[in-house]
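Read the structure below first, then the notes.
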């Protein structure tokens, strides 16, 4: 048993999600990612259960594990009660913890992703928050979306929301003491550490790639240079 | 298709949904994109049905979207959830209902995980105490908000001002139902109707007079995929999955789509717009799209709410053709007004998909 | 001294054992819950590996029933042990004293509707292997309408922990190929696919069946478990699997899908076990004293097994086990005397 | 038009319904053994050219059977017709002959 495998099976999601795979392909058949990406959940589960560290390391440093959409459609159908989606989540966590995620284009997306998600939660208490949901990043929000952004206070007030207001209600200002609790949870349970790991590894990678850090983040968010598609 | 076969499966997956006294938690995405839906939900439950739904301003995101984007470790997500449960207990509630499907899936999963691995629950209790000085109380009942509307679907039907019937033809409206993946795909027994033929929305459609459309990609994900949408470079995935669903439902000529997930109605609405702008293809009649609704919006229309109070002006795909079919009256001029009738600049219209 | 042997189950195992037990000079009393003898076999049309006729086999099995008491439409109400005897009461009111009991209870067909994603009982053109045999026998099934594309799904409810059936049902691979070839004979223009995980062609002539299916009948094979079936607007079936040997998802639209429902433990096993104290394995089949050397003996004195009661078996295996059980019972009586 | 920065992705699903099987049928008429393959992989394992190139006869045959000839036919250009695959094939398929027929019928 390899060291990476040993680390992996400490994750509760592996305990829950990996029994014994028989390579039947039920998961791949209906996987939304397998249809469009060079991705096959069956192969990933098979590599993990092989306990072969060389191959697991390749996964952790590669693109594949980042293709899953975590819709968990695979879980419903697996005849062996495996959860390929959970196995992928464990692999992603380990890839981040070991700093391997920067070795793949999709893995490098962790920088913009974690920054945006964590700052939304810590500053506002929401994962997605209208004031940080920018039209330039989300042109698909559409022309009505643009209109909502441009008339934010009026539109939300019209619909009975409590945007940044006191007391309960839609998009209320979550009280500072509750936000402080979230921060304490982040510090206690490893979310703060995760952000640090991602920043440190990304900074080094940006240097290695010879690009400024903000350009590194922009590229990670917007650009695709590799061929990820399963033609 | 043999209807009785489905009925048999539905009867195997009926879950117990208590009648009253719920601790209500909101959804990040729905608050932003469908504020009218959450307003309508509470108004229906509290004022139309006379039930007790409590909300505290101290509740927060469950962290689910961030967790599924790997921006949070599992223990962080679990501790945030433990804090939400603790708030419920502190306010004396036992029934927990959430507006978000991602949350519902995670709450279910977390409770199952804690049952399987009691050491993990102990660890999370400790985290919660250390960081928030709160005690975990686990809910006795967990429901998604659509379960509640499902439970009271016949009461709503009894008060209906409009039904899901085409008033021009007298025929039932053809309704596609789309269930959020995390509603029951992980734990089929936790969802009304199970995972393969969920009944939670189909039951509402049946009660309110519509005809449920079953099409080949019914069970397929809308394509949100968390990071696959949140990161711009990945959005082709998200859009392609929605595209796949629309190509599959197109021959059935659906009048409308009803969903119970936060992201799905947003994606199925917006990707229709992007697909139209990029390829020229539209899926509705006469160059319109197929309007996509939350279940609260549909319940609201059935109960006679004003469409602009429900927030239907925030959709990109025009809802007016459907309102006309249902016989819902609306004032065109009021659509894009602000609070108190304040005149706002009207949004631009897309090139390839008809809007009103 | 003549002794009574109660045989529970009138399928091939029970019928064959009854005659052998009679030939050893004992008195077999056979009960069958259905209205005719023959078990699942009586519902089948032809058998693998070479298309042997079920009717002929049944005729051989029933040809010589002299001296065998049998009751159809009869269930066991209770079994009680009295010293060296078992007293059994039947649902028809008759009670017997038996010196030994043979469990030839066979199997229950896996209820294919439990695999909800395949839509048996929901989609109009999804049938089971048993339905297809019924069609071969009667020529009637409204779900089969000049199919152009036909699929066979192996392992439906077999090797499936989620469906509560972990074991391989042993006979479905060969049955699927037999049925696929028969369909090709009926519908020569049809394209026929078999979706399999492993083709378990373990017996004599089985590999020939496979070769014939490929070479003579042009049956196409996809290695992958069907994941989802749905109905399109024309009422045709959309079948999704992964072609695991290519490594890509595959989608085929079909006119008929045949689910190879596997063998589940007989649903009455727990009831019968509780009356007699015989052991049931975690898979739900009866547990013999061991799986190699004493496979027809139970842990309870005077109780024996034959056939699929102890796990999926082919017809010749079942018949041989019935003979072995008859011999073991005779041996048991001789020892007792 | 708005530049969204992303677009629809082509599907990788093998769509048998749309596949044109006429050339494969033609192949089976002259090489009835083509369909006897049971995908054991002996040919690919013993293939001399396969060590250096992506040639994999098992995959080629399967690709033809699924109507994906464009994806697999280029592989055959690496074949040196050494015939080792013929020796090892447990189904006794005359693979050399088969490969030549494929080249002829699919015009490569």
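Should a chain be cited, it is by its letter among A, B, C and D, assigned in written order, with residues numbered from 1 in that chain.
The rule is short, and it goes like this: a residue touches a chain if its C-beta (ideal position, glycine included) is under 8 Å from a C-beta of that chain, and two chains touch if they have at least 3 such contacts.
These numbers come from a predicted model, not from an experiment.
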If you walk touching chains, what's the least steps from subunit B to subunit D? 1
Higher number of C-beta pairs in contact (A-B or C-D) found for A-B
Could you give the separation in Å between the centres of subunit A and subunit B, each centre being the mean of its C-alpha atoms? 22
Please report how many Å separate the Cα centroid of subunit C from that of subunit D, as a whole number. 39
Expressed in whole Å, how far the mean CA point of subunit B lies from that of subunit C is 46
Approximate Å spacing (C-alpha centroids) for the pair subunit A, subunit D: 38
By the touch definition above, subunit C meets two or more other chains at residues 117, 223, 228, 243, 248-250
Subunit B: which residues touch two or more other chains? 195-196, 219, 232-237, 239-240, 244, 274
For subunit D, residue numbers touching 2 or more other chains are 2, 4-5, 9, 11-13
If every chain is a node and every touching pair an edge, decide which shape results: line, ring, star, complete or other. complete
Contact footprint of subunit D on subunit C as seen in their complex: 199, 210-211, 214-215, 218, 220-221, 223, 243, 245-246, 248-253
What residues of subunit D sit close enough to touch subunit A in their complex? 2-5, 9-13
In their shared complex, at which residues does subunit D touch subunit B? 1-2, 4-9, 11
If you look only at subunit A, which of its residues touch subunit C in the complex? 19, 22-31, 34-35, 40, 42-43, 76-81, 230
Subunit B-facing residues of subunit A, complex: 11-13, 15-16, 30, 32-33, 35-37, 66-73, 75-76, 83, 89, 92-93, 96, 106, 109-110, 112-114, 116-118, 120-121, 125-130, 133, 137, 140-148, 150-151, 154-161, 166-172, 174-175, 177-179, 181-182, 184-191, 194, 220-224
